[in-house]
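To start, I am sharing the structure in question, which I have written as structure tokens.
For clarity, chains are labelled A, B, C, D and E in written order, and residue numbers in each chain start from 1.
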Amino acid sequence: MDAALIPEGAKRCSFPKFMLGIAIVGAVLLWGVYAMLLCWFKGLNQTNMNDYYGFALWIWADLAVIAVGGGAFFTGLLKYIFKIDELKNIINFAVIIGFICYSSALLILAIDIGQPLRGWFIFWHANVHSMLTEVAFCLSCYFAVLTIEFIPNILENRQLNKVPFFHHLAHNMHGTMAIFAATGAFLSFFHQGSLGGVAGVLYGRPFAVREGLLIWPWTFFLFTWSAAAFGPCFTLLVTRITEAVTGKKLVKDNVIHLLAKISGWMIFTYIIAKIIDTIYWANVTVPGLGYELSHFYTGNSLYGYWILVTEIIICGVIPGLLLINKSTRENPNLRLLAIILGVIGVCLNRWVMVLQVMAVPVMSFDTWALYIPSWQEVATTILPVAYGIILIAVTYRYLPVFPQELELNQSKAQES
Amino acid sequence: MIQDKKAHKFGMVIDLDKCTGCGSCTVSCMAENNIPFKEDESDKKDSLTWMRVYKLTNGKPFPETQTAYLPRPCQHCGGKGDHGHSPCVSVCPATATDYGYDTGIVSQIYTRCFGCRYCMAACPYHARYFNWWDPVWPEGMEKYLSPNVSPRMRGVVEKCSFCYHRYQLAREQAYFDETDEIPEDAYQTACTTACPAGAIIFGDLNNPSHKIHQIVKPDPHPDPLNHDVVGKSRNPKVFRLLERLGTNPKVYYMSEREWVRKLGDSYLEGEWDKVKNHHGAASHD
Amino acid sequence: MFPFIFEWVWDIGHMLFFGGFWYAIGILGAGMTYCIAKAAYDTVKESQDSRH
Amino acid sequence: MKVDRRSFLGLGLGAVAGIAISPVGAKLTDDSSIWTQNWPWTPVPPDGKITYGQSVCTLCPGTCGISVRKIGGRPVKIEGQDTYPVNNGGACLHGIAGLQYLYDPCRVKTPLKKNNGRFEPISWEEAITLVAGRLGKLRKNQNPEALACITDTNLGSVPGLFSHFMAAFGSPNHVFMQTLESWLTQTAQTLHGPGHTLGFDLENADFILSFGAGIIEGWGSPVACFKANSGRRQRGGKLYQIEPRLSSTAAGADKWIPIHPGTEADLAMAMCGILLQENLFDPEFAAGFRGGLNRFNAMVQQKYPVEQVAAITGISAADIKKTAIAFAKAKMPVAVPGKGRGDGAQSLKEFAAIHTLNCLTGNINKKGGTFVKPVPEYLAFPDPVQDAVARDGAAKEKLAGSAPELVTKIHQSDAPVVDTLFVYNANPCYTLNDPIQTSAAFEKIPFVVNFTAFMDETAMASDVILPISTFLERFEDVPSKAGFAGLVVGLARPVVDPVFDTRSPGDVLIHLAKTLGGTMGESFDWPDYKTCLKSLVPGIWNDLYKKGYAVVSQGPPAGRMETNFAFLAENPPTIQPQGDADLILVPIDNMRVASTAPASSPFAIKTVSDRVIKNTDMFVEINPKTANGLKDGGFVTLTTPAGSAKVRLNFNEGIMPGVIGMVKGLGHRFDNRYVAGKGVNVHELISPVIEPGSGLDAAFGVKASISKA
Amino acid sequence: MSEIENKTEHGSMDGAKESAAEDPKNDTGLGLGVIFFILAFLICFLSGWLLFPKLLYSKHEQPFNFDHALHVQETGDCESCHFLREDGTFSGIPKTESCLDCHTDEPMGETEDEAIFAAEYVAKQREVPWYVYAKQPDCVYFSHAAHIKAAGMDCVTCHGHIGESTSSRPYEENRLTGYSRDIWGNNIWGITKNPWDSMKMDDCAVCHEEETGHKGYCFQCHK
């Protein structure tokens, strides 16, 4: 039925089967959209946020998708600036994942603010001293970059590519992509960092506050670093899932191994920095303000030392080591374990830096603020996931996302 | 010149020994500033009260228990080094809140705020409140609303303004009388005038003739141990909340009771005994 | 965002921040303009070539 | 030429491009954001000229002067009146929230008549005719005493007009709610003879021995007490607070002495014994002791030995002695009775024993002491004109001495003892102990006429509601009361025209009397209430009208005072809490909750702690030691002989083990979603116990048990 | 060259061939498309600039005509009617009561407008619901005293020559925002020739910066 749109030579499931899948995920999407509309029309009272807990579940999701979406800029940086050419085989997919993550992030931000119609004030009346301003500017600019990076891939659709102008446009954009990628890397560095800065500059919140360099607290650099480190993990994870769902090998192992290795070293170096940061914070920053470390991890039913150990050791040091070591990296199961742990680790880090910050009491007579999200929040947080699945399904079906797909599957067909 | 020649620094000192926790300040504030109310206000984390009264306890068992009340308006922080970079002001992405260098008051534009709530996250005092709901009054009750304070719409953050509209009115009077002086009693916040126990004193910390200046005796020099902290009180009974974070609030508290003063900040074990009698004090003058 | 807006101040912070911003916007804008123009040129050229 | 896809594409692109380079996009983006700044459903208060109106708050017996800020004639804010001699600036939260009462959704907006259990609006003419018809029949049947009347107090011209009405009508059955003032009057009458009441010069006293009086929790005239308390700290005066719970007063006191609830009288008796034994009483003042001081002394030494009282009260004998001696040796000591706000259920024995301490020190009618002063008599009511029916009726025996006694009588008797009941400014179906029984008693009364501004529990149990104006809409003289040292009469004045179709209660009574005609009309020969008031206060009207208040007496009353020990020497029995459970439930007075009529405002309810009310659940305070494995915040069933309620526990180290504290003034059952339906009315768990000596309800608490719900 | 690019190169050849084959039909379609494009562009462009501003504002006539020039002539100045109160607040539009200080002749009705005033407002004891051209939104705090007394400004500086008008022009209100068109929108280009052409925050800021050296803090002009 839609055969004319499918990349030449590629095998895809039947159209009804495809539509059935889309419909199922679409239902989830609609549920999310309904919740989103509730939040827009009735206001944020639809959530369980409160004056103590002004940031909530979806802000965590926002930070997490941006972190894992960091694979796009980092892979782009490696491919176009550092000219690691093997990565061309995964760059399209990394860009699509990044596009999904960033468009979701912007959508979440649009839902999150109390006055969506005034959202543009953040640009118009910008306060350049606010980390959030930096986030908003760089985030939207970088989203533009991702769109630019995504366009050639769309134009490579069999039908679109027949239009000469589109064909030439795609070609020319490929040619200039290094400039866009460089700009994207520049923007990403700042917005990933400023997201870290968002928490780090809160000097009224001893749990979040960090010292730093010039106007940027250390979390600024840690966030950029961690996004670069764990972003590729997420790209690899989604690639693995896509391979599992489609039942095809889509990217050659050498590419996977290369990206995993780079990710591993990034994680490893990041986690050393994170450990130093944590030790300094726990032994110098916090006691200087009159708090003991135990203040932040005891006296409540959720946040214990476990979260610190899980984030840093289990989901930081372990995946780092697994990916650095050649034998474990090239073992598919251990590699999968490592990238899953890595993705959990970075998401957990974002959780800690947003939600635990809100939960910790600061005044001596305050109490822990724990928080259970409402269904509207859960639905709007799942919305991007459903949207991402649909977009991946559609792009995979109609666009030549994986350059090695034909080759890998032809040979497989020949072998069998 | 339209601007006042000398910068004010309006502040407040609250005598926690006089405070009875009666709630007059809270209600006076709500009535003065058109603060709405809902059917259920028992979720205190979702209840708009610019002036909130916290209950403190010394944590000891019966019959050694002691309690006190601590009213908490917006602290109108001067920020690190008292340069005006209050925790909330510096983070607002849309410049919807700023620091008035002429008054020391953290001011804001509700109609500019687009509700990102970053300022609420930044404020360790929970002094900022979000309008989760449309403000709705029972039919006819909106007739008592004051035109001097604009009712806020759903989706924006609000907080105590030190009754800035009263300052505006006092200034109008001064303009009319063609004088530069605003007498101490011409500008007082609604909570101050309401307090039946006389526990709240409001005035200009920069003006040595004002009562607050005489009680607080603010140290004009930075704390030698922490240069971010400016304006520490030289009165050993006076303290500020979370002083060590460097937020430099303009709301001071006063108590004879040591355990109350200790609750003003966090201290490591044994630290309090070293600092309790060491008050920014002796360092200068 | 623009110099005619209330909040704009000609200080180092604004110059760095918006300098970076307009620089990025400039590159993206110029890059895209180039690509589109070049694509249009190529298309026209190609169709002319094919006719000849 | 064929219109195809590309034509439409051209059309669309053209439209988009055309709009894009027109101002539409930018303008709409801007305008839509401005729209969010001016949402039509967010009110915009109109501006105008700022003026101030002065009045007196009548929400509680505190009688504070208030200043009402108006903008364009619209009242927008109530504040304390700086020059008013009771509060001298400052106001309590209830007064400041006064405008919420003006526009309360529960205001009765027009006269109402109950028809088959539902209220229908009627006109004022219909309402007056209806009530007059009923009353006319009573008089025609020579049965005027079947009209009874409950008012909050007996002070002031409006309760006075009700008394006047009752007298002219021919009924002796005008009874009052239990206020601090009524207990103080009873006490003064018992110890010093009729026509007296007590005032406390807390402003100057240097040692306040409070037997649970919530000096900073609404006792007496709250703002005056707050000020006195603040002043005390500056003067270096001492406050010893004796009560089972660390109230705010106790927390701010120099010493908190926890005591077993209900044993305050025993403690006071023991302290009297110590003072007498140690010869620490004032010999000069003792010259005026009558009625058996020796008998009293012998009785207390025998019945209230310190060791025994120490066991009863839970206070060590040493502490009792030390406190008594410190009290007696102070220069200006004052012992203050009246637990909590001092209203509701108290005990005459307790009041008398505590006041005897004052008498023994001799710090009576001196600066910084207790004032035994005449009951305010500034009103010059003419004698009512009575016909034969009225004379006969008025001479009949009074059914009851107080509102709770009347209600208990009605409840207990099968025959209808009261045919018609007037209720003014009181909510007995909520504030009396066992309000369910009170409502049942009201059901038995064929015709209840309620003069009220609000549709409260009692209004709902009434047959005709005559909506009255609030203190912001009408004139009324407001005498200071409730232990206030001097006598200041204030004038409540209309600061705004009545918001609804309401009238001044005085006007309604005059209208009603005139409709009844005959001697009733003659007794109420005033054109309106304002004229009536002016004629009742000839001496002070000018002050009232010009200044807004008149200071009738200030400083200590003159003259020697005799003290009669006859009542206490008999050692009247102490009322014991009913029931036989292990724990004892006591009501707590919380400043932020109004416990009588009218109910709290939405603002006041908003300030109530989430450890008192959460959602609609009521918390009770309990010492963790008493909890017996139950959890903080957990639900329990609280059971007393009067009933049971599902409540949540609030662990409080500041309450004596074995005691359960429940805040008074919640659990309203009328239709106001901001105020009512929250928590439990503690009175529903306590049954009234009429104290033989006073005729008042003395059930201060009740035995209770808790079990996991 | 990468595999992708190879492939796209290849693909483009197909495309070029196909489009060439459809040439004749394409041309008419494209021609019509261009015409439609131009047509739609012009309509939308012109309505955006000309029609849209008209649609955006609703016009209201004042309750009756008010002759400022005549009143100024009679009273001599603006302050007789628009004065500062003793407390420094600004009285704004006079209340009916103030009008009756001068309009004492009985019966009133020398002019048609006075007759309306007498019959509709004086007799019924109502205030005239004037539309205020210079009405600022509720969030704005404006001190006339600061500008008149402290800065010594006159009325004309901001309000223009309204005192010379003999008739009340219709009040125009933005349907979406409720703003008076005088606050912002008299010129869709945003060009202002006179101070009274626009009274948005930026307009205030220009003068404030010149006169006081600072644009001001939020609460200086907001409430």
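As a convention for this text, contacts are C-beta pairs under 8 Å (C-beta built on N, C-alpha and C of every residue); 3 or more make two chains touch, one makes a residue touch a chain.
This structure is a prediction, so every number in the text was calculated from the model and none was measured.
Farthest chain from chain D, judged by C-alpha centroids: C. Set against one another, A-B and C-E show the most C-beta pairs in contact at A-B. Once CA atoms are averaged chain by chain and compared with the all-protein CA average, the nearest chain turns out to be B.
Averaged Cα coordinates give chain B a centre that lies 48 Å from the centre of chain C. Centroid to centroid, with C-alpha atoms defining each point, chain A and chain D lie 62 Å apart. Separating the centre of chain A from that of chain C, both taken as means of CA atoms, is a distance of 27 Å.
We define each chain's centre as the mean of its Cα atoms; on that basis chain C and chain D are separated by 74 Å. Within chain D, residues 32, 35-37, 44-45, 47, 50 each touch two or more of the remaining chains.
Of all residues in chain C, those that touch two or more other chains are 5-7, 46-47.
Shared contact sites, meaning residues of chain B that touch two or more other chains, fall at 43, 47, 55, 95-96, 111-112, 134, 147-148, 150-151, 153-155, 169. Of all residues in chain B, those touching chain D in their complex are 17-18, 20-24, 26-28, 30-32, 34, 37-44, 47, 49, 53, 55, 57, 59-63, 65-69, 111, 134-135, 137-148, 150-155, 169, 190, 193-199.
Listing the residues of chain A that touch chain C in their complex gives 123-129, 133-134, 137, 141, 144-145, 148, 164-166, 168-169, 171-173, 175-176, 179-180, 183, 186-187, 190. Listing the residues of chain E that touch chain D in their complex gives 28-49, 52-53, 56, 85, 87, 89, 91-92, 137-139, 174, 176-179, 188-189.
Within the complex, the chain C residues that touch chain E are 4-6, 46-47, 50. Of all residues in chain D, those touching chain B in their complex are 36-37, 39, 41-48, 50, 71, 74-80, 87, 89-93, 96-97, 99-100, 102-105, 216-217, 222-223, 226-227, 229-230, 233, 246, 248, 251-252, 256, 258, 499, 591-592, 602-610, 613-616, 623, 625, 653-657, 673-674, 678.
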